[in-house]
Amino acid sequence: MTDQSYNFAYLDEQTKRMIRRAILKAVAVPGYQVPFASREMPMPYGWGTGGVQVTAACLMPEDVLKVIDQGADDTTNAVSIRKFFQRTAGVATTEATSEATIIQTRHRIPEQALTAGQILVYQVPIPEPLRFLEPRETETRKMHSLEEYGLMHVKLYEDIARHGSIATAYAYPVKVEGRYVMDPSPIPKFDNPKLSDSPALQLFGAGREQRIYAVPPFTRVVSLDFDDHPFDPSKAPHDCDLCGASESYLDEVITDDSGGRMFVCSDTDFCRTRREAGHAGRLGEAQFSSKKIANSFEGICPPTGDEA
Amino acid sequence: MIEIENLSKSFTLHNQGGAVIPVMQGANLRVDAGECAALVGASGAGKSTLMRMIWGNYLAQTGSIRVGGVDLVTAAPRDILALRRETLGYVSQFLRVVPRVSTVDVVAEPLLTLGTPRPDARARAEALLARLNIPKRLWSLSPTTFSGGEQQRVNIARGFIHPYPALLLDEPTASLDAANREVVLSLIEEAKARGAAIIGIFHDEAARARLCDRLIDVTGFTPKAAA
Amino acid sequence: MSRIEKITPAPLLSVRNLSKRYGSRIGCTDVSFDLWPGEVLGIVGESGSGKSTLLSCLAGHLAPDGGEVVFATVNGPQDTLRMSEPDRRRLARTDWAFVHQNPRDGLRMGVTAGGNVGERLMAVGTRNYGSIRDAATDWLGRVEIDANRIDDRPSAFSGGMQQRLQIARNLVTGPRLVFMDEPTGGLDVSVQARLLDLLRGLVREMGLSAIIVTHDLAVVRLLADRLMVMKSGHVVEQGLTDQVLDDPQHPYTQLLVSSVLQV
């Protein structure tokens, strides 16, 4: 089979039209989960089939695509989806957040502020924020339509009752434009403030669950909380060991069997850009990728000065 | 206060071949405020039946029973409930309560349903229980375990805690010793003095003679055909 | 001044000609009654007599085929059968409450006792954890559950405690009308007595009206002001509870009353 046998960006035109209609409806009703006829994608569920369909429906030949997985451009999921679109759409790809027009993401929002004209596509495993307390889909749909969201606070109440504070650290529920309660996908709650008033268009695709929803540009997104237990977008109390950034979301990397560990930016593009600009952290000779540093501790390859 | 005209009553036993048993016919009586009348007649003559009809517990076939302006024969259930709450008191021979409720609360209940604050209602209940010589150590226990005489006195306390304008007393002095009998009799006299209209069944003839202004022989209300 | 006369002299609930069929079978038919503020109405009858169907129709869980269920809402009397669904659901979590026979149907078993009680508060917009917690503690006390059980799940509770928790969960928003389906069913007698006492106290203190479906005549004698006897979907007799039980008029009621085993 040749690459020419694919329609542009993989989807056949009927599917693309169906998904675009769903996206338009989702944009028109911010936070509302629009059902769509999710197709089989050439990858397993859980690997971003929803995000891939949304990205495919949005892609134009002149777009520049960036794909990240937990903030990293170079992990399996990101690499394979990026290659998929290189082959089926022939679009340019990038790792630089500022150069991308469409960014497909799994579980992170890039550190660098998004700009008008960019589209951020989220991969969503479970779109229904009420699911774990109310398993009946018929009932949760009714609760959304009637704005009966007391149950969402029951979940937060349970957190405080059990842990002393709201322990939900990811997929933290939000209310969109004062109307729909939405699952922002499993992004860390650290990223929640970036959902609100973003100049970029944010689209959410859940392939297995067959739902698409959206947060249009400059939409108010509020994280749910209690008056006396306000929302707190916390992160690990460290600086990046590579680039020294104090304001970015960090991954903890275990480096040996004797308790050694390091904290590095989860956003690889952000970290590399800073190092290229001369910033350095605790372990930081500039210009090292986090992967290579991690590998070096395992003795797989010694750190070298140049970026592959 | 209590006025009965042309009252009749029969039981229809649908499950025993539809047998109809007439138990009362053409009953008439009138008891005014401050008056105490005793129902007399042989056992089975219908004293308790009449009492229960005035209480609204038995339905009448014809006639009227007026207590404080309400006709129990035609009144809606909620009017009878209001009447029992505010106007009509009943001291029965039997105590029917939720098992674990304390004696004080059982006695205070009529006041609580009238909206009296709990501390006041309990204080009144305790005063009455003390007067009726119920030992203090029993007040917090359920009366279901009490002896017959004690239960009787709890019933009396319930019936006298609110100054009902009309009172029905079913053998109030039965199974009481002399001292307690004296307390109950003086309670009844006080009720009479404040203007309550009282109808009672007293097998205790001395009590009847001391309290009652009139005797009403219910034998006259028994249907002749059935008698 | 009685509790009843302090409130408006209008029925809280007016039911007219309520009917529900299951195909050719009658669920309940031509049921009409008024329930006044502060009144407790008992509905008795054997299994299959239509009492649970009637309760479901009244509470809006089942759509009847015809009739009216007019409730005195804060905005005046409204037929709840013709209300919009959002309005009816709002009513169901504010002015109404429903106590299920099986507490598992009325509780969230995976949520702590405090969360179960707090849910209705959060549903009507309370957003202060501390005040929700205080209300939950207060209500656990009122239904005689130890305050240190507030963070336990109902699955760790006995049947009687679960039932009391369900009652607390329902009453926390101060409803005016409570529907109860066999609230003491499945509990042993000593626990029943405790629950009955609790319900009586709550009904009196909160000025609640209640409709209680049960087949237990002893329960209605202690709880209900008025009684409705159902047989084959029809109301065969209604009146004052003690009058219906002590001087039953309908053949079926006489049979029902005489069938009770005396202790």
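The letters A, B and C name the chains in turn, as written, and every chain counts its residues from 1.
The criterion applied here is as follows: a residue touches a chain if its C-beta (ideal position, glycine included) is under 8 Å from a C-beta of that chain, and two chains touch if they have at least 3 such contacts.
Keep in mind that what you see is a predicted model, and the values were worked out from it rather than measured.
Trainee: Specify the contact topology among the chains shown, as one of line, ring, star, complete or other.
Mentor: Contact map by chain: line.
Trainee: Farthest from subunit B in C-alpha centre terms, which chain would that be?
Mentor: Chain centre farthest from subunit B's centre: A.
Trainee: Of the chains shown, whose Cα mean is nearest the mean of all protein Cα atoms?
Mentor: C
Trainee: If you average the CA atoms of subunit A and of subunit B, how many Å lie between those two points?
Mentor: For subunit A versus subunit B, the centre distance works out to 78 Å.
Trainee: Can you give the whole-Å distance between the Cα centres of subunit A and subunit C?
Mentor: 48
Trainee: Averaging over Cα atoms per chain, report the distance between subunit B and subunit C in Å.
Mentor: Chain centroid spacing, subunit B to subunit C, equals 31 Å.
Trainee: Can you list the residues on subunit A that touch subunit C in the complex?
Mentor: 133, 142, 146, 148, 150-151, 153-154, 157-158, 160-162, 225-229
Trainee: Would you tell me which residues of subunit C are touching subunit B in their complex?
Mentor: Listed in rising order, the residues of subunit C that touch subunit B are 1-6, 36, 39, 190, 193-194, 196-197, 200, 204, 221-222, 225-226, 239-240, 242-243, 246-247, 249-251, 254-255, 258.
Trainee: Tell me, which parts of subunit B touch subunit C in their complex?
Mentor: My answer: residues 11-15, 52, 56-59, 77-78, 80-82, 85-86, 96-101, 112-115.
Trainee: Across the complex, what residues on subunit C touch subunit A?
Mentor: Within the complex, subunit C contacts subunit A at residues 85-86, 89, 93, 108, 110-112, 114-115, 118-124, 127-130, 132-133, 150-151.
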